[in-house]
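The next part holds the structures, each set out as structure tokens.
Below are two complexes that have subunit A in common, paired first with subunit B and then with subunit C.
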Partner chain A sequence: MLGRGILRGLMETWRNFQGSYYDPARLTTVQYPEEKLPPLENARTIPFLIYDGEDPLAGLRCTACSICAVECPAHCIEIVKDTAKKPDYLGRMQFHPKVFNIDMAVCMECGICAEVCPFDSIKMDRVFELSRDGRRMVLQMRDLAKPNHYFRQIHPTEAAAVDAARAEEQRKAQAKKAASSVPAAS
Partner chain B sequence: MNALDSIFISALHWLAGLAPAPVRPLVSMLLIIAGLMAAFGTCFALATILERKTLGRMQNRFGPNRVGPFGLFQPLADGIKMLIKEDIVPFSADKTLHFLAPLALTAPVWMAFAVLPFGRNMSAIELDAGILFFFAIGSASELAVFMAGWSSQNKYSLVGAMRAIAQMISYEVPLVLAAVPVLMAAGSLSLPDIVQAQSGVALGWVPRWNIFTPWGLAGFALFFIAATAESNRCPFDLPEGESELIAGYLTEYSGFKYALFFLGEYLGLFAVAGLAVTLFLGGWQAPARWLEWFPSWGWFAAKFSALIFLFIWVRATLPRLRLDQLLNFAWKFLVPLALINLFAAAVWWKLPAAMAIRWLLCAGLLAVPYVWLGRHWNGVTPKRRHYGYAQ
Partner chain C sequence: MIAPPPELQNDLLEIAMGPHHPSTHGVFRMNVVLDGETVVKLTPVFGYLHRNHEKIAEKNSYLASIPYTDRLDYICSMTNNWAYVLSVEKLAGLAVPERAEYIRVIVGELTRLQNHACLAGFLLQDMGALGTPLMYAFREREKILDLFESLSGSRMMCNYLRFSGCRCDLPDGWLEQALEVATGFDSFLDQFEALLTENEILRARSEGVGVLPPGLAVNAGVTGPGLRASGVNYDIRKVDQYGIYNRFKFRVPLGERGDVFDRYMVRILEMRESLKILDQALHDIPAGPVLDPKVRLRNLRPKPGEAYGRIESPKGELGFYLISDGGPAPYRYRVRPPSLVNLTVLEEMCLGHTIADVVIILGSVDIVLGEVDR
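And now, the complex of A and B:
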């Protein structure tokens, strides 16, 4: 205990002090509201629903299968099925949700809903500046619906994989349809 | 001397001259008090913001930088916040003592500034036993701390106050002992005389400040450590160690009383830093003859600011000690070293002024006990540490 460690510590803090005026590595603080770090691709906050096409409600991929609502550990998803069926992207007739609510007060942003969804409909969003005027705790279908290009923008890798898989399925379905329609025509 | 050097004295004479002759001494004294309070009040405000900014820089972040340009109005915002906060007195507290404690801490600390020479002929009163007065006033703060701890009727306050008392009494011993060689050198208890005794240069260019002698350097280090502990600053701030004691004796204080405690603490720091400048760093003397165009109070302010920066720097670096480490460090390390330093200073003055031999002997007298005590004061020889995260 001759104070060598103290001197070393003092040197370190001194390097921090004078380095903070010219070396960005010595001043790592990001002054948040003015400066923002580029968001990480895998960051996730609340869930949202993807729609294709122009109309948010008509283009929703959700088929009201309620798997997410069942799997949700916090039971924050409420789904009411619509009675009418509409064709999905493969041409199959599917139900659609009439009500799709997520209670933001309960959601813990675990991402299980996004993982279990078989229709790539519910995905995790990246918005985080949610405390503002006019904020609602229960998000309804209209608030949750976001276009596919938004999904491609926030999670490019995952979105590309999803789009490729869907395109492949669509191609297969069309080939099958063509195969089944060709013998009928001949 | 020149006009700039005596600008405060001339201003004082001119202002006091406006008053009628019979009350002139009183007016002049009041003016000095007002000046001191204004100067060191501003100093306190500046110190809080600069300390936070420096600490921030040393921890890789900006300090406060939102209020006003560069965050310089932060003390103003803090002051307003403190003033308009609710003043809570615990139900079972001793109301009178609880009210008096912050005043009892702050009032004597102001008095300590009375004897410090801030420049040539610039001390409020020239006491013959100025340093004695300083230490006597300085130890009055212990009473206030215990008043605060006892009157709050809170176990954390009480334990914090007990710790503070133990710490302050323990560290007062090395604080005073470290100052004694300076008194021996100057042959006077008066602070202006001590500054005067450090005038001139040795070897043609080294100023005759006490810090440039082996006993002065050791004395300054001891004084600095003891002063850090006396003013309850990191790494000796465990009377208010928030991880163990909420806030020590400050637990039950809020609003302006809390601010008064802070004011008292900072003023105590300023006073003891001013004393360190006076005792070891040559007071208001310029380091060389050709630098004397800069006013004497400017030199005092410069040395004072450097010392305050050193306090902040140490605070940013070191973690808090444990209570037993703290007390062992005072009694087993600082006090013996301070006594040895006294002896070394005596040897220094008995030897002829042939510099090299005096230097070597005196430095050896201090270095050998330092190394030996440093290795064995705990009773255990420490293993070589590996600072994995600091590299």
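And now, the complex of A and C:
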């Protein structure tokens, strides 16, 4: 019968329309600024730099090795090495960045920098409400630095693994130091 | 009605359709020559979204090109990743762990589901079913994007596959969630078909429009659902059996006439076959590593040589041709985009039809301009 297909389709629309009042499978809209979905642990937006301790700039884990700047597909990271060396968490002397800029107009949030960083220093944030006053698109070290407990809060699984690995390294380094210092003292 | 003066009666009208036309699916322009409402000539104009993808990839390292491939066909970033890493694996001779192969099949088929759902929604919207089918399709696509986000961190620009595996393992509960989505998708397809497939207006609008003869399709190099709708049995998942596709039982749906309706229907049937593959893969996936730890992702320097890796992406044959000179970046990097090649027969499909049909013929070809212009 001509028109049967149309009627069948309209029945489907009617079922959907009705369902949109009570069926949870059809109530899919989230009223965004008032309601928000729970954030996902793996979600990534922009990169940030982790620091240990209290002072954001003194505690940065970054050693200005520039691997992220070289590997960045969009080449949006600019690093200038500081001349002085400082001891890192294992007591090794390391360089630190004097300038660490990320051009957010160019960054495409792919996460390659976090993936290649050998010092677990740069990680992906999950903030997404990034609008603000002004036109400053280049984020500097001070804007990028975020504490380790923030990392633990947003990516608990990954942060736990990183912290455990670092504690293990630290323990080994101390044991080695103790072993080498004992004969010297005797 | 006032008849036009005789000197204007045989005049042809040339229209630049696009690049800002809402039905051209992106920044694509067609120069259409019309006799009345009938198309007598059609010239596609590409290049509005050119981003120098190939040259950028020849400067960047092998790893750094993966995020750029996401942005080729921005609806199916997972399959783009897959085609690229497949050719790098061929070039460097890398093996892929078993679990990673299964994950690739799962995300690849999920990508096919969401691409075809989108396409069906957009095509029906082009035919005049405004909004409703598209919103139903997007509601379902959203669930797949949620899966991708919890897996890879991003909804569309996944950047998930790596040479010799995947970037990270599946999060807890992901497989159950994926199984739930796949189960729900079947009933969505029933619903979607009840909505419009039998609709008399849609049938009258799309049957016999934009016929692509099989001979022309083969000669022009058309691949994917567009080719299979013309009745040519050619699916790279069956022909090449790349990855582990030889382990799954699925059929390749074929069309008969090669018109717009067949191209729509082939995609609906393909989604059902994808669900079968997903069902098998989600149940069979073994435990194990997802990335070979010995492979150096960062300083990959394949031996001099060349490789062509291709997969059956949702839009057709997506291939990457790489030449290595032993350096950290490919010497030559070439993409074989399915959308661009499928578009080359647009004029033959449109000739003799009205300008309103051009919109649905273009819609049924399934293009994404990020891939056409690169």
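Criterion: the second predicted complex is superposed on the first by the 176 of 186 C-alpha atoms of A that agree within 3 Å, B and C clash if a C-alpha of one lies under 4 Å from a C-alpha of the other, contacts with A are read in each partner's own complex, and residues count from 1 in each chain.
Keep this in mind: a residue touches a chain if its C-beta (ideal position, glycine included) is under 8 Å from a C-beta of that chain, and two chains touch if they have at least 3 such contacts.
None of the values given here were measured: they were computed from a predicted structure.
Enquirer: Contacts for A:Thr83 in the overlay, against subunit B (first) and subunit C (second): which applies, first, second, both or neither?
Expert: neither
Enquirer: With the two structures laid over each other on chain A, which partner does A:Ser180 touch: subunit B (first), subunit C (second), both, or neither?
Expert: Neither partner.
Enquirer: With both complexes overlaid on chain A, does A:Glu71 touch subunit B (first), subunit C (second), both or neither?
Expert: Only subunit C is touched by A:Glu71; subunit B is not.
Enquirer: In the superposed arrangement, which partner chain does A:Gly5 touch: subunit B (first), subunit C (second), both, or neither?
Expert: After superposition on chain A, A:Gly5 lies in contact with both partners, subunit B and subunit C.
Enquirer: Could you say whether A:Thr28 touches subunit B, subunit C, both of them, or neither, answering first, second, both or neither?
Expert: A:Thr28 contacts both subunit B and subunit C.
Enquirer: In the superposed arrangement, which partner chain does A:Met108 touch: subunit B (first), subunit C (second), both, or neither?
Expert: In the superposition, A:Met108 touches subunit C alone.
Enquirer: Tell me the contact category for A:Thr13 with respect to subunit B and subunit C: first, second, both or neither.
Expert: both
Enquirer: Between subunit B and subunit C, point out the one touching more subunit A residues.
Expert: Per-residue touch count on subunit A favours C.
Enquirer: Taking the superposition as given, does A:Ser131 touch the first partner, subunit B, the second, subunit C, both, or neither?
Expert: It touches nothing on subunit B or subunit C.
Enquirer: So which bits of subunit A does subunit B touch that subunit C touches too?
Expert: Common to the two interfaces on subunit A: residues 2-3, 5-6, 8-9, 12-13, 16, 28.
Enquirer: Given the complex with subunit A, which residues does subunit C contribute to the contact?
Expert: Residue positions touching the partner: 60-61, 63-68, 70-71, 132, 136, 139, 142, 149-154, 157, 159, 167-168, 171, 184, 191, 194-203, 297-298.
Enquirer: Once bound in the complex, which stretches of subunit A touch subunit B?
Expert: Those in contact with subunit B are residues 1-3, 5-6, 8-10, 12-14, 16-17, 20-21, 26-29, 31.
Enquirer: Report the residues of subunit B in contact with subunit A in the complex, numbered from low to high.
Expert: 54, 57-62, 313-314, 316-318, 370-371, 374-375, 377-378, 382, 385, 387, 390
Enquirer: What does subunit A use to touch subunit C in their complex?
Expert: 2-6, 8-9, 11-13, 16, 25, 28, 40-44, 67, 71-73, 108-112, 115-116, 124
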